[in-house]
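For reference, the structures are reproduced in the following blocks.
Below, chain A partners chain B and then partners chain C, in two separate complexes.
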Partner chain A sequence: MGFIKKVKKNFSSIFKSLFKKKIAKIGIYGPPNAGKTTLANRIIRDWTGDAMGAVSNVPHETRRARRREGVTIESNGSKVTLDIVDTPGLATKVDFHEFMAHGLEEEEAKRRAKEATEGIIEAVKWLDDLDGVILVMDATEDPFTQVNVTVIGNMEARKLPLLIAANKIDLPESSPARIRSAFPQHPLVPISALDGQNIDALYEEIADHFG
Partner chain B sequence: MPHKCTRCEKIFKDGAVEILNGCPNCGWNKFLFVHDEYQAVPESTIEGEEEQPAKKFLKEIDEFLADQGVKVDEVEKIEQEPEGERIESIRIMGPGSYELNLEALLERKEIIMALKEDGTYMVHLPSVFDNKKKKKK
Partner chain C sequence: MDLISEEKMADMTAMEKIRLILDGVKEGKIMVLEKGLTPTEEAKLIEMTMTEITPEDFAGIEIESYPSSQNQKLIDRIFRKPAIRTRLTVIGPANQLKTLKKDRDLISALVSSQ
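This part shows the complex of A and B:
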C-alpha cells in the first residue's frame, strides 16, 4: 500500500511540474521620476505590444497602481509569466508647491498632491500581495535616500525577492556603480528604460530571479 | 450589468422582474446587456475598496483645515521632530501638503494621521480592523 501511495505521489508531482503554469506577481517600485512607468511600458510593449500608462517629467504622474496580468517573458530558455503592478512613486513628502513649480494651477496641484498621497498608501498596501519587487532607482541620483533605505530594509524583512534596476544609464552623469556599492546584497541591472539599453540583461535576470 | 429593452431602449437593472415579464413600457421581451456608467472605468486601473476610506479621510481633513483657516506657510516654520519618535503614518500639514512616514506605512497595517505639529492624532479605524479582510483579485 505504502509503495502504491509513493508512486502515486511521485507521479502527481511529476505531472504538476510538467504542466503547472508559474505566475509571479511583481511590483515595480521606486521613488517618483525614477522611470517606473517607462520601464513597465517597455516590458509590456516588448512582450505584449501594449502600453501601461502615461509618463511625464512632473513627479507623481502615476497616482494609481496599475496592473497588467499574464505577461510572459522568455530569456535563455527559461520562461516566466508575470502579473506586473506599476506603482506610484514612494516619497516621504508630497507638497502641492512642487507641482505648482511645474506650472500647474493651485487647485490642480492640490488635487494632485492628494491623489499622490493616496497612491503612496495604495502602493505600500500592494506589497502584501506580491511575490517579488523590481526596485527602480535613478542612477543619476544619490542612492542613499530615506526612501530607498527604508524600502529595501522592509523588503528584506518581508523576504521578498528584490531586483534593482539602475535606470537612466543613457544619461552621462549616471552611475550604476554607486547604487551597487550602496546595496551590494541585491542583484542589480543597469538599464535605460527609455532607449532600451541593456534591457535584455534585465529580462534574463527577471526570468532567473522570479521564475 | 443592466439590461436594455431592444425596442424602446428602456434600461432595467440586473435581475429586475420586468426582464422576465416583458418590458412594461412596450411589451417587448428581448433585452440586451449594457454597460452602466459606473463600470466604464478603464480596466488598467485597479478599483479597490480599501483606498476609499483614506480618500474620504483626506478630504474631510482638508475641509476641516480649510474651515479653520490654516495656512501652509505657518505650518512650515515649525521644526521637525526626529523620524524615530513619530508614530503617525501621515502628517497633514495643510491642504495639499502631506508628509508620509514610509516606515510606519510599511510596517503597520493601521493608518494614523497627525494634524500639523500640534499633537492631534487620528486613528483610521477601518485600517486597524480591516487587516486580512481584503479580497484577493
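This part shows the complex of A and C:
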C-alpha cells in the first residue's frame, strides 16, 4: 500500500471513530424471489453462525420483516456493525392464483396472498426507518422493474447509501453488466447468494459503504 | 384511458393523487401521468394498493415509470437542494396492463380488455 493511500486510510478510520454514529440499520430489499432471504441467511450464517429465515421458490415466502441486531462484518481492514432487516419482497400486485399455480389450495393461496400484501406494506414502511439498503436484483431478469426503480428513487431522494447485489450469477443467463449499465450511479457486486460466489467482494463493499 | 396533465397533478396532495389513480384503476382505466409521481409517492401508492387488494376483484396495479433523475445543473447543485425530476408514468389494473419491455427511455406495454 502506498504511503499516501495508507495515510488516507488511517485518517479515514480516525475520522470515522471520532464521529461514529449509532449502529446502521440496513434493509435487504428487492422483488419476490430475487434471493433476499438467501442472502440474509448467508450474511448471518457467515458472521454469527445462525440463520434468518426459510427460503423457497414460491413467491412471498418471507411475509414478515425480520431484524437481526449487531451483525459485525470485517473485511479488508474495515469493520462495520449493522442491524440487518430482511424485508418481504416488494410488488405492486398480489394474485392468489399465482400461489395456486405453485400447488397451494385455494384457501391457503388466499391466506398467503393476504399475508403477502401485509408484508409489502411492512416493507414500504421500513423504508422510512433505515440508514441504507442492499438492493438484491435477479441478474437473470430485466433490471428496470418498478420495484427496483422505486427503491432506488427513494434512497436517492433520502440521500441514503445503496448497494446493489446482482444475484444469481451461478445461472448461465445472468447478466450483471445489464444491471450495471441500467444503474451506473450505484456500486454493484455480482454474487451468488446460493453458492457464495464473490460473497467476499460483497462484504468488502458493505464494510466500505455502510461503515 | 385518462391522460392527466402536469398542471392538474401539481395542485394535488400526495394522497389526492393516489386516490385519483387508484379510483381510476379500479374502474378499469389506464392512467397516464404526464409528470409522474415522486419516489415517495410511488412507495405510498404501492402501500395503498396493498390495502385495497381483494382476492376476486382487484389483484393490484401495474405501474411503469422511467427512473427519476436529479437536477444536474451545477448552479442548482451549489445553491439549492437538488430537485427530483419525475417522468411520464403509466398505471393500470394488473390484469389489463402488462409490461413487455422497459429501459431507461422506452416502455413497451400490452393493454387488454377485461
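Here, the second predicted complex is superposed on the first by the 189 of 211 C-alpha atoms of A that agree within 3 Å, B and C clash if a C-alpha of one lies under 4 Å from a C-alpha of the other, contacts with A are read in each partner's own complex, and residues count from 1 in each chain.
Here, a contact is a pair of C-beta atoms (placed from the backbone, for glycine too) under 8 Å apart; a residue touches a chain by one contact, two chains touch by 3 or more.
All of these numbers come straight from a predicted model, not from anything done at the bench.
After superposition on chain A, the partners chain B and chain C collide with one another. Residue contacts after overlaying the shared chain place A:94 against chain B and chain C alike.
After overlaying the two complexes on the shared chain, residue contacts for A:156 are found with chain C alone; chain B is out of touch.
Judged by the touch definition given at the top, the superposed model places A:146 against both chain B and chain C.
Using the contact criterion defined above for the overlaid structures, shared-chain residue A:110 touches chain B and also reaches chain C. Looking at the shared chain after the overlay, A:66 reaches chain B, while chain C stays out of its contact range.
Within the superposed three-chain model, A:182 lies in touch with chain C and out of touch with chain B [touch as defined at top].
Across the superposed pair, chain B and chain C both touch chain A at residues 90-96, 110, 113-114, 117-118, 120-121, 124-125, 127, 146, 150, 154.
Residues 90-96, 110, 113-114, 117-118, 120-121, 124-125, 127, 142, 144-146, 149-150, 152-154, 156-157, 182-183 of chain A are the ones that touch chain C when the two sit in their complex.
Only residues 38-40, 42-44, 46-47, 49-51, 53, 55, 59-68, 70, 84, 94-95, 101-104 of chain C touch chain A when the two sit together in their complex. Residue ranges of chain B in contact with chain A, taken from their complex: 44-46, 48, 50-51, 54-55, 58-59, 62, 72, 83, 89-90, 93, 95-103, 105-107, 111, 134, 136. Those residues of chain A that touch chain B in the shared complex are 52-53, 64-68, 90-97, 106, 109-111, 113-114, 117-118, 120-122, 124-125, 127-129, 146-147, 150-151, 154.
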